[in-house]
Structures are given as C-alpha cells and as structure tokens.
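In the two complexes below, chain A is the common chain; its partner is chain B in one and chain C in the other.
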Partner chain A sequence: MPSREMVASQRYKTNSQVWNAVGMWAWMLHRATGIGLVLYLILHATLISTSLISGAQSFNATLTMLMTNPVLHYMELLLVGAVIYHGLNGVRLLLFDIGIGFSKQKEIFWAAMVLGAIMWISVVVVKLS
Partner chain B sequence: MLNFPRILTGEGVLLNAMTWLLQRISAALLLVVLGIHIWALYVFNTSEVISFSEARARLSSAPYVLLYVLLLFFGLFHAFNGVYTVMVDMGLKTRKTTIGILIILGTALFGIGVYSIIQFIM
Partner chain C sequence: MSLQEINVKIFRYDPEADVEPRFDSFTVPVIKNMAILDVVMYVQNYVDKTLAFRCSCRIGMCGSCAMYINGRPRLACRTQVSSLGTPDITIMPLPNLPIIRDLATDMEPFFEKWKKIKPFYVGKSELKDPVAIRPDSGEREFIDQMLDCITCGCCYGACSMVATNEEYLGPAALNRAYTLIADKRDAIRVERLKAVGRSYGVWRCHDQFNCAEVCPKKLVPTKSIQQLKKRCVLQKFGVFK
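Let's look at the complex of A and B:
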C-alpha cells in the first residue's frame, strides 16, 4: 500500500498543481497574516508600554491620536481580518495536529472562511455604523 | 506505559519538538486570552477612546494583570517563534545568532511590558 507521502507526491506532480491547492494558499495566507501581526504586536506593545510609563497625559494623547485617526480606523479593520483569519486557520491546524479532520481539510478551510467572513463583516458593520 | 511520539524523544530534535509543542499550546491559550482582551476593549468598553482612568480601573484587578502578563508572554513567544520558523523555512543559515536576537528582542518587549503594568498599578 502506498504511503501518504507517495500519494501526495503523485497528486502534486507539477508546480502548478501545488499552487492550485487550497492548503497551499491557506498556508501562504497564514504566514502573511502572521508576519503582519508580529509587526503590529511589536508596535502595539512598544507604544502602549511607553505611553503607560509616561503617565496619564501621554497615554490619553497617544490613544486619542490612534483611535480617532480615520486611516488607522480603516487599517484596524484589516487587523481584525488578519486576526480572524490567523485564528480560525490556526484552529484548523490545531485540529489536524490532534488527528481531527485532515482528510476533510478543504471543507474545514471553506467552513472556517465562511465563519470568518461572517465575523469580519459583523465587525465592519459595527465599526462603520 | 506511555508511548511518546518519536519526534519528542529523538536525540538532537528535542528543543525543536518542544518549541513546536509550545507554539501549539501558546496558540490555544492565545485564542482565550486574546479573545478576552478584544472583548474587554471593543465589546465591553463602549467609549470612543480608551482613557487612562478606564485602563487603570481595569488593571486594578489581579485577574486582568495576570491576563495581560500571560498575553504578553504567550503572544511574544508565539510571534517570535513563528518568525524563526518562517526564517528557517526560507533557508536561514545563522540559526544561533537569529535565536539570540529574537530572545533578546522578545525578552526586552516582555520586560518593558511588565514594567509598564507594574508602574501603572503602583
């Protein structure tokens, strides 16, 4: 009986087949959102920590600047989208790691995307209303 | 008798296996602590701009202090271990130097974060 690796290598004989796979795009997007979230975390932790240390006036000025800026307001929606995607795809990966749902990985991915879209649209509606 | 997966017992791969496991554990914990953080800031808090006094009121309770220390620790570990994994996948050559830089950066951010929380609640 062929091993799982042999079956996978036969399934993806060409480069284009790998790039057409849902799992590959899920992995790429997981990495991209992860890098974006790391950059945000470094900025967020540094800014909030230093403004907390500087006192009430500095903290209030920083938070007012951040939370009333219209550009950052829209960028926050991207941040929420990245968190939702990374979190839901992360749950999908955690399920695989404990042996659940690997044979249904595409279906689980699309189910997670539908759930994520509903969550993200709800946040957009609340934030823009 | 417990049968551990070979990756956890194989010589020379124990550290990689432990960081792999910690990455999963931190991911699961982040789902909870980050969920509470977002809920506290955006759902529970209805004012347009979060003020110093609101933040102080929240951080006056021990569970919230614990929550933010855990969030910092697991968030930074998950983030920097993730960065290292991406770099290794891209063919990183200087692994020890990179690990050193990431540990210093992560520890510095954790230190300034915890220090700011302590300063804030004192």
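Let's look at the complex of A and C:
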C-alpha cells in the first residue's frame, strides 16, 4: 500500500519527467512506433489469412477495396515512416548494446533522423510520382 | 542576462496538515551569482519560515539539495538562476520519492535499493593489502569516473523506468554495482551480478539517457548498466567468473 506522501508525489509524476531531452523523445517515439507496427502486423496477418479462410476471390475483393481507398493508400506513408524510425533508432540502441556511442547519443540520434528523413522523402517522391 | 527579480513558484505540501499539495508564489530579488539554493534560503529567511528543504555543503559535494527545477532534477546549489534563462522558476521536490514536507523528499527507497547491491568493497581473501593497480594499466579508468556519484538522486528522479516501476533498482545503484563488479579485487562480484541481472535490475533500463542528461557530475549510468548487461550475459555462458 503506497503511503500518502508517495501518492502526493505520484500525482505530479506526469509533470516531473525530463521532457526536454532527446533520449526521452527517442524512447517515446520508439515505443509508439513499436505499438503501431505490432497493430499493423496483426491487421496484415488478418488480411492475408482471409485468402485461406474465404478464398482467392474474397481476398482480391478485400485487397482492392482497401488499396483503392485514398486514406489507407496514403496511410502507407505513415507506415513507412514508422518502419524507418523504429529501424534506425533500433540500430542506435544496438550500438549502445555493443558499447558504442554513449557520449554521442544525441548526435547519433540526429544523424539517424537525417538519414531517416532522406529515406522517407525518397519514398514519398516515388509514391507520388 | 541580468535580472532584477524573479518569480518563484514553490511546491508546498505537509502530509500531516494539508489535504492537497499547492504552489506558493514568491518574488525574490536577484543577487550576483545567485543559485537556486540561495533563492529557497531567501524565501525561508525573509518570507516564509515554514518552507522545508534539505541542504548541507552548498558546493555540490553532499548531494542533499536535489530538486526538480524548471523541468528537470538539478542540484539547487549548483544551478545558477541566470543559467535557467527565465525569470519564472518552478521548484518541486525530487520525483519518484515520497515527500516529507515541501521540497524535502524521503530518500529511503533510493538507499534501500542502494543497499540491495551491497555497495561496499569486499576484498578477495588471498589478496594482501595494499593491492597495487598501476595507473597506466587502464583498469580503473572507467571505474574511477563512475565513482564520482554523490547519491543526490537526480538520476533516480529523472528515470521513467523508476517512475513506472517501483521495484527497479535505478541508475545510481546500478552504477555503484558496476564500479564494484568491474573491480578485479572484489570477492563477491558474481553474487552482485546475480542481484542486478534481473528483470528489475539492469534489464529494466531502456537506454533513455535521462540519468545522464541530469547527472550533476556528468556521469553516464547508461554506460555502466550496459557494461553490467554484458557481464550478465558472459556470466550465463560461464565466461565471467
């Protein structure tokens, strides 16, 4: 049972974090994109499994319906962004796991973001052309 | 930037008397080289004698005066008012710890975790003191840096992993564990490693770097924790003895 003193301290938890630090946001975005990608994979597996459950015709019809929907069509760009961010920040975290870059974690983050932005913009250009 | 006076908002809470915490506002005249500790001392001396906070050495050695100042845990004595770049200052107690009163927090959970890693050196029985470690051997290079910890609790207050799980040992205790485990003369290295190599030990760290961001001694506990993770894996494979 938490003490009353602790409860008072807990109540201010949301405004008692380090919100103006690169590492904090890198971590938050990593979590958010991670959850997003898991949800996408579940949807993806469900969609693919319709081909087994209800046959080729039904699968084609579902896929056509989804991919001709303009909102879903452009949401793919969001998906690509999430994959790029999660992947590149994942590499940053792997570097730490092998003992590289602790004193340069912010620089590594921004370098990864520049690289990610170039990759994402290239995908956008290809998709819109 | 030169300021004439600053507006200070201070967190007030007496668990024995108040139902809810509140913020009190004060206007404090600025003196040259004024630190946040001078600000709270001014308030206590001249405005409101009931303000509670903790301090001791006033030169960043004792680690008593850590507070949550304008969005991050800092040592009040080592934080210059001018360095904050604003006349509006909010001071709260160190997060993730129970509040005794106002800005004074109870460090007991922090030191309970500190105790769990057995924070003292245990020499191997076959070693005869003094054991010489040559300065140029490089063995103590990283250990010596990490020994600068003053247990102020800034990292503990900044860590989201501590905030979301009260069992997590926290950056300071793990950093201390590393300085002992990495010492070849230590007799209970494996025992210590088993204490930290759990899900609420080193594996709870998510490389967020908030600890390194706020450490007044510029330590990087994330690096110590990574070194511990490495040793935990090596120990599982029987390489670390």
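Things to note:
What we mean here is this: the second predicted complex is superposed on the first by the 110 of 129 C-alpha atoms of A that agree within 3 Å, B and C clash if a C-alpha of one lies under 4 Å from a C-alpha of the other, contacts with A are read in each partner's own complex, and residues count from 1 in each chain.
The rule we apply is simple: a residue touches a chain if its C-beta (ideal position, glycine included) is under 8 Å from a C-beta of that chain, and two chains touch if they have at least 3 such contacts.
Computed from a predicted structure; not experimentally measured.
Of the two partner chains placed by superposition, only chain C is touched by A:24; chain B is not. Of the two partner chains placed by the overlay, chain B and chain C both lie in contact with A:97. In the superposition on chain A, A:67 makes contact with chain B only, while chain C stays out of contact range.
Legend: residue contacts after superposition of the two complexes on their common chain; A:46 is shown touching chain B, with no touch to chain C.
In the superposed pair of complexes, A:38 makes contact with chain B only, with no contact to chain C. Overlaid on A, the two complexes show chain B and chain C touching the same residues of chain A, namely 97.
Note for the complex: chain B touches chain A at residues 24, 27-28, 31, 34, 38, 48-53, 55, 72, 75-76, 79-80, 82-83, 86, 109, 112-113, 115-117, 119-120. Only residues 11, 13, 15, 21, 68, 71-73, 92-93, 95-100, 105-106, 157-158, 160, 163, 206-210, 212-214, 220, 222-223, 226-227, 229-230 of chain C touch chain A when the two sit together in their complex. Interface residues of chain A facing chain C in the complex, by the touch rule stated above, are 3-6, 8-9, 11-13, 16-24, 26-27, 93, 96-97, 99, 102-103, 105. Partner chain B is touched in their complex by these residues of chain A: 31, 34-35, 37-38, 41-42, 45-46, 48-50, 52-53, 55-56, 59-60, 63-64, 67-68, 83, 87, 90-91, 94, 97.
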